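Listed next: structures, encoded as structure tokens.
Heads up, the next two complexes both have subunit A, just with different partners, subunit B and then subunit C.
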Partner chain A sequence: MRYLLRRLGHALLLLAGVSVLTFLFTALAPGTYFDEMRMNPQIAPETIAALRAQYGLDKPLPLRYASWLSSLVHGEMGFSFAYNSPVAPLLLVRAGNTLLLTITSTLLAWAIALPLGTWSAERMGRLPDRLLSWGTAMLLVIPDLALALGLLVLAVRSGWFPTGGMASVGFETLSPFNKLRDVALHMILPVTALVLSTLPLLFRHVRAAIADILDAPFLLAALGHGIPKRTLLYRYALPAAANPLISLFGFSIGMLLSGSLLIEVVMSWPGLGPLLLEAILARDLYVVIGGILFSTFFLVGGNLFADLLLYWADPRIRTESNAQ
Partner chain B sequence: MKMQRALTRWLLALGALHGTVVCAGFFAPYDPAVQDRMYPYLPPMRVHLVDTQGHLHARPFVYQPKLRVGSFDQYEEDITDPRPVKFLPSGDYYRLLGFLSCRRHLFGAKNARIYLLGTDAYGRDQLSRLLFGGQVSLVAGLLGAGITLLIGMCIGAVAGYFGGWRDGLLMRLSELFMALPWLYLLFAIRAFLPLAVSPLKAFFLIIAVIGTVGWARPARLVRGVVLSAKERDFVRAARGFGATNGYLLRRHILPETSSVLLTQAAILIPQYVLAEMTLSFLGLGVPEPVPSWGNLLSSLQQYSVLISHWWMYLPAVAIVPFFLGYLGLASSLHERGAAYKIESRILGNLT
Partner chain C sequence: MKKPTANFKPCWIFSTLLLSAFTFIGRRAIASPPEKTTEKEELLVLPGEVGQRGERLVVSLRGEPKTLNPLISVDTPSREVIGTMQADLVHINRATQLTEPALAKSWKISPDGLRYTLVLRRGLKFSDGYPMDADDVLFTFRLYLDEKVHAPQRDLLIFDGKPISLQKVDSHTIVFQLPKPYGVMERMFDGWAILPRHLLEKPYEEGKIAQVGALTTPPNHWAGLGPFRLKEYVAGQRLVLERNPYYWKTDAKGNRLPYLDELVFLFVPSADAQVLRFQSGETGVISRLGAENFSVLSRDQKDYAMVDAGPGLEYNFLFFNLNDLGEKAPPEMIQKQKWFRDLKFRQAVSSAVDREAIVRLVYQGRGAALWGLVTPGNRRWADEKLPHSPRSLEKARELLKEAGFSWGVPGNGDSWLQDSDGKPVEFSIIAQSSSSERSKMAALIQDDLKQLGMRVQVVPLESRSLLDRVTQTKQYDACVLGAASYDADPNSDINVWLSSGGLHLWNPSQARPATPWEAEIDRLINEQMYASTFEQRKKLYDRAQEVLAENQPMIFLVSPNILAGAKNTIGNFHPAVLEPYVFWNVEQLYLKNGTENATR
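Our next item is the complex of A and B:
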């Protein structure tokens, strides 16, 4: 338990650190949302100064950070200039969409990578394995951007999948089942892009981890006892190789978050990505900070989840932390 | 030995690709900014060897495109008007390697313009833009990786060599940087820098941004190597003879990190080229009219382009060999590094 508490404390510290870091970056920012208004002769400089004062932009950095923290406690995370509303509710909707995309593709990518990697490791050096290695290497070198755009071109020209957005026109009128179906259809393209962009890395790691363990004496002994190959692979080798893979699981979430930022923009999925881009272009300070914090939160959450999994899966960690 | 050959092969392939981009002025038929308002969104031209009568020609030729009757954006080949391809013609002025003023190009067409990858909305040659854009994107990747490795090396060396509170502080900071999804981090830093700047300034700005974002991983790797290198016998001996910290680092310890840094470079360069592409694609990087691989693709954000101008996607296909080359280079460098025991443990957890 202490292990988990320590990890939790670590995660919270990390989040606090990131928030400080982003605030420090804001100090470097030349200009704010209101600077655009200066160009407008109809707005008096006093008005702009008043607006700046109203949003606390004229205060020094530590004070701004303190007031932002207090608004965080109130569940607001600052105020969006462009949307004229608190940031948190704005981000929550988008974050849900991003999460939907990321979790689906994480699960899918792992569901493909685990059996495929194990299967390939068992045939190490034979034709299927070599083909798979080549295939994943090719996927690895195609940039995410090219992959996403390629899928989009394909979808648009073939008309097989809906492109762009999360819902069709008239989504509100659909029955619950059709709503689900509609969203699922819209998810196909971004999820495919995300899965294809992470799959090669996951596949390679799974393959390497399994190949490492296949020579272990206990597996040879099990083979000698006449345990069938399949049981051996999935029942004995895979759990034994799970340790580094679970750590990779946490890492893959971060990778998918970065990937989904781009893919959301390309496929106009209403997630954090497009909102963040919009906010950057409009200099909507607190939305940018909030978006970055949210993504860090997901990443830290993913790592924490991986730690939990590790705690559950690896008895060594349990005994180690209990002994302390 | 086989390893060494593979490494040479990848290096040669990459050298050829980079050479093409460095001499973009020669290989590209036109200036990347010159517009041909007669032919916006012209699909890639076909190069023919056989004419409509079935005669074989020694010199390849293209047919002059013309607007299809009754249309204002559909082209067809004017089969009555063949234009032979010329090799080594003189054309637009360019600067080879940045200073040699030249006007000789690899190919062109007599009394016509030849667009092998089609044209964009302003009738600019996509092939030329692809080649010149490569200069921008690759330089961004190379310089960015250089900056990252420099920062990473310094921080890693300080953390590993001096240890103590410096080590603790720097490693916590690196964890912070690694905790952020890197594209978000890139965005975060870009978000707080000026948006509307001149192309040159924007270029150096994004190089600086990209370069400073990724220092954490190389720093940690370098720290690992330094930690084990500073306990080696010859280093201790040198210290015993009264060598200063600076001398020890420069002469004995940092050379040990070279293989790690090389492998990291092969991994970071394509990643940073990609970062530049992403930023420019989203309009946060190098602005028009300067071409870069990112803003070459940004027109694909429009639905109409996706639907009817598929050749705008070709640059995305054309850049894949670069990434393949760097992947091959990274893996053969990795294999070579694995031959040395001290680094193999550290390189083991490369992503």
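Our next item is the complex of A and C:
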């Protein structure tokens, strides 16, 4: 319990620190949302000054931070200049779409990486293992952007998949089953791109973790006792190798909101990616801060979750922290 | 294998849950129009090809619109969408570039040019069926003029500090009283969307006018006088508009417009993705295309045709920092400004720049070389007498020699240009990194000037940082930038011309003109603004263009062509060089034969 509280405290401190830093950095970036209006010959400088004042951009930084904090407490997370509305609802709708994409692809990537890594570790140094290592190394060096564009070209040439978006036009007229099918069809390409980009890393970690443990004396002893190799692998080797993988899983959770931004922009998935990109370019300050805070929240939460899992899974950590 | 499979299933169930939570936000309109009067409608009959009713057109927008409220919109996607949902009193026909009757069927100007009397069409209705009359017009302009509303266009209704005023004569006649005669007032009526008083009066009195017209507004809480009305908005994905059954235009055969049943805007965040969507047939129209994507699409035109509408109103230019930087300026900057202020130096740079190469290499030939602010696309106002001096390095060298520059020969054999104090001529050009075109232009200029012995660095800057330097901190040597007039009329660029203007970029917002030629331009522009006939105005404006070209504070480079494309099944597709390039006649667009749906 004390362990949990301490961890929670750390996490909150971290979030507060990140919020101060992002506030500072976004404020330091040259230009503001209203600068683009200066290039519009229709808009008078006085109007721009009045708008800046209306949104409190002329106030000193600590004051702006304080008013942002109070709007955070009210669940608004500040005000978007571009959309003329509170930030939280803008982010929430799109975060939902992002999570749909990333949760699916993360689970899929793990579902492939675990058995594949174990299988490959078991055959360490033999041909299938070498081929897999080569293959994943290849995937690792291909930039996400190239991967996504390649898949899109495939979609256009073949006509099998939609070339982006989350739903077809006329979506609202479809039956519930067809709606599901439609979204699933639209998800195939971005999910494939995401799985292909995360799989190599996961696969290599799983393989290394299992390979490490396979040489351990207790496994050799178990093998000597005639326990079947399959049982050995999944019942004894995998749990023993779990620690680094649990940390990695926490990291996967942390990447849920930020890992797919690029793919979303390329594939025009209506998630946080396009919104944040536009907000950053337009200096829509509070949307940017809100987005960063959202993904930090996931990162911190993911790590916290991983720590708790470790605490539960590994008696060594339990005794260590109780001893302190 | 057990564990992973077990993971896999809940993931799908979870996805399903998320799906139902996040995708069903559509709402249906339940507008119930008050059927009280059956006044005879005075409809506007449009000439041109007669089309067919029905179908849905799908198009992509680069960004998501931010609002449907014309009072606060500034970004391009919002304005593009609003343009299809709203209407103005007098409209500028984007094809002829002339004014024509819209909500006002006629207008009279008093002999002193101060009173404009507009007569509204009878029987006009908003898209929710509510009748529209003079009170809506008065209310609308009260909002635009209210300082607390912060309408970005407000400034256009103020003349020498005094606002225009409106009087209602009867339910269909309104008088606009100007503080000062103004030559082009009828053009000024374009773009002021007439708003529904019955929907906006309450929020306005409560001071919440900026919050209305959010995209999440239920369709029955929003109305306009344009050809389409709101049907559904899905955040991050699409905006669906439906036909406004009360629209006030018909075709030559008397069929009520618009032809299309639905207009769907998909939000596609990158230009390349827009091209892919168009290529795969998911969208029916593509516009605001770059030259590279245009030529890619032009390669296999089977189901669609690409249209090059010729040069638009965008002008790209190079300018030097001519601001008065005062005492604090660093000595190198003072030295540099000595060159920049020298007319012969600027003329030499202009003479050395290869504009044709820019057209060829940056725009693949789809653009026009430019020697003045008014582009060839602006047929009525461009000054044809403006000299188009071809590129000449000899002339440039001569000008530099006359100005006291010379070529020193350092050890390596290259000869670099130096000024009369022996300082090497070295400066940087900032350009927007987000615009690959302008970055390329800057690089080509760097090359051109190298041949004169100038050492030029190109510094790509993110757009906001660049504007910050040019308009606020004034920390730059030279800059490549572009601007686009929003109307063909000279007054749309008034802030560039006048020395007091904020877009007089080389030295903005001057208290009084810094040079005699800037004073001359100020005089010419102010005179043309209040001159009454086109011929007088044209003469004055031509002269202003000539003075600008003689003094080269902006070295004009190129005006890109307006490029668009549409499926062969789309009728009445005639892109114009004025915004909105392809949707200016959206009420007349139709799908031929009704065989092909824009959806797959």
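The working rule: the second predicted complex is superposed on the first by the 307 of 324 C-alpha atoms of A that agree within 3 Å, B and C clash if a C-alpha of one lies under 4 Å from a C-alpha of the other, contacts with A are read in each partner's own complex, and residues count from 1 in each chain.
Heads up, the rule we're going with is that a residue touches a chain if its C-beta (ideal position, glycine included) is under 8 Å from a C-beta of that chain, and two chains touch if they have at least 3 such contacts.
The structure displayed is predicted, hence computed values, not measured ones.
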{"item": "Side-by-side fit of subunit B and subunit C on subunit A, or clash", "value": "clash"}
{"item": "Contacts of A:Leu152 with subunit B and subunit C, given as first, second, both or neither", "value": "both"}
{"item": "Subunit B versus subunit C as contact partner of A:Gly165, first or second or both or neither", "value": "second"}
{"item": "Touched partner set for A:Val266, first subunit B, second subunit C, both or neither", "value": "both"}
{"item": "Subunit A: partner with more touched residues, subunit B or subunit C", "value": "C"}
{"item": "First, second, both or neither for A:Arg64, with subunit B first and subunit C second", "value": "neither"}
{"item": "Touched partner set for A:Arg7, first subunit B, second subunit C, both or neither", "value": "neither"}
{"item": "Partner chain(s) touched by A:Val18 [first = subunit B, second = subunit C, both, neither]", "value": "first"}
{"item": "Partner chain in contact with A:Leu277 - subunit B first, subunit C second, else both or neither", "value": "both"}
{"item": "First (subunit B), second (subunit C), both or neither touched by A:Leu100", "value": "second"}
{"item": "Segment of subunit C intruding into subunit B (one of 207-215, 333-341, 369-377 or 459-467)", "value": "459-467"}
{"item": "Residues on subunit A lying within both footprints (that of subunit B and that of subunit C)", "value": "29-31, 149, 152, 156, 163-164, 265-266, 277, 281, 283"}
{"item": "Subunit A-touching residues of subunit C, taken from the complex the two chains share", "value": "1-5, 7-8, 11-12, 14-16, 18-19, 21-23, 25-26, 56, 58, 63-64, 66-67, 69, 72, 74-75, 147, 150-156, 210-211, 214-216, 232, 234-238, 264, 266-270, 272-273, 276-277, 279-280, 282, 434, 462-465, 467-469, 471, 483, 485-486, 492-496, 501-503, 509, 598-600"}
{"item": "For the subunit A and subunit B complex, residues of the former touching the latter", "value": "14, 17-18, 21-22, 25-26, 28-31, 137-138, 140-146, 149-150, 152-153, 156-157, 163-164, 201, 251, 254-255, 257-259, 261-262, 265-266, 276-277, 279-281, 283, 288, 291-292, 295-296, 299-300"}
{"item": "Partner subunit C, residues of subunit A touching it in the complex", "value": "29-32, 35-47, 50-51, 54, 82-85, 90, 93-94, 96-97, 99-100, 103-104, 107-108, 110-112, 114-115, 149, 152, 155-156, 159, 162-172, 179-180, 183, 234, 265-268, 270-271, 273-275, 277-278, 281-283"}
{"item": "Subunit B residues touching subunit A - in the complex, by the definition given at the top", "value": "172, 175-176, 179-185, 187-195, 274, 277-278, 281-284, 294, 297, 300-301, 303, 306-307, 310, 313, 316-317, 319-320, 323-324, 327, 351"}
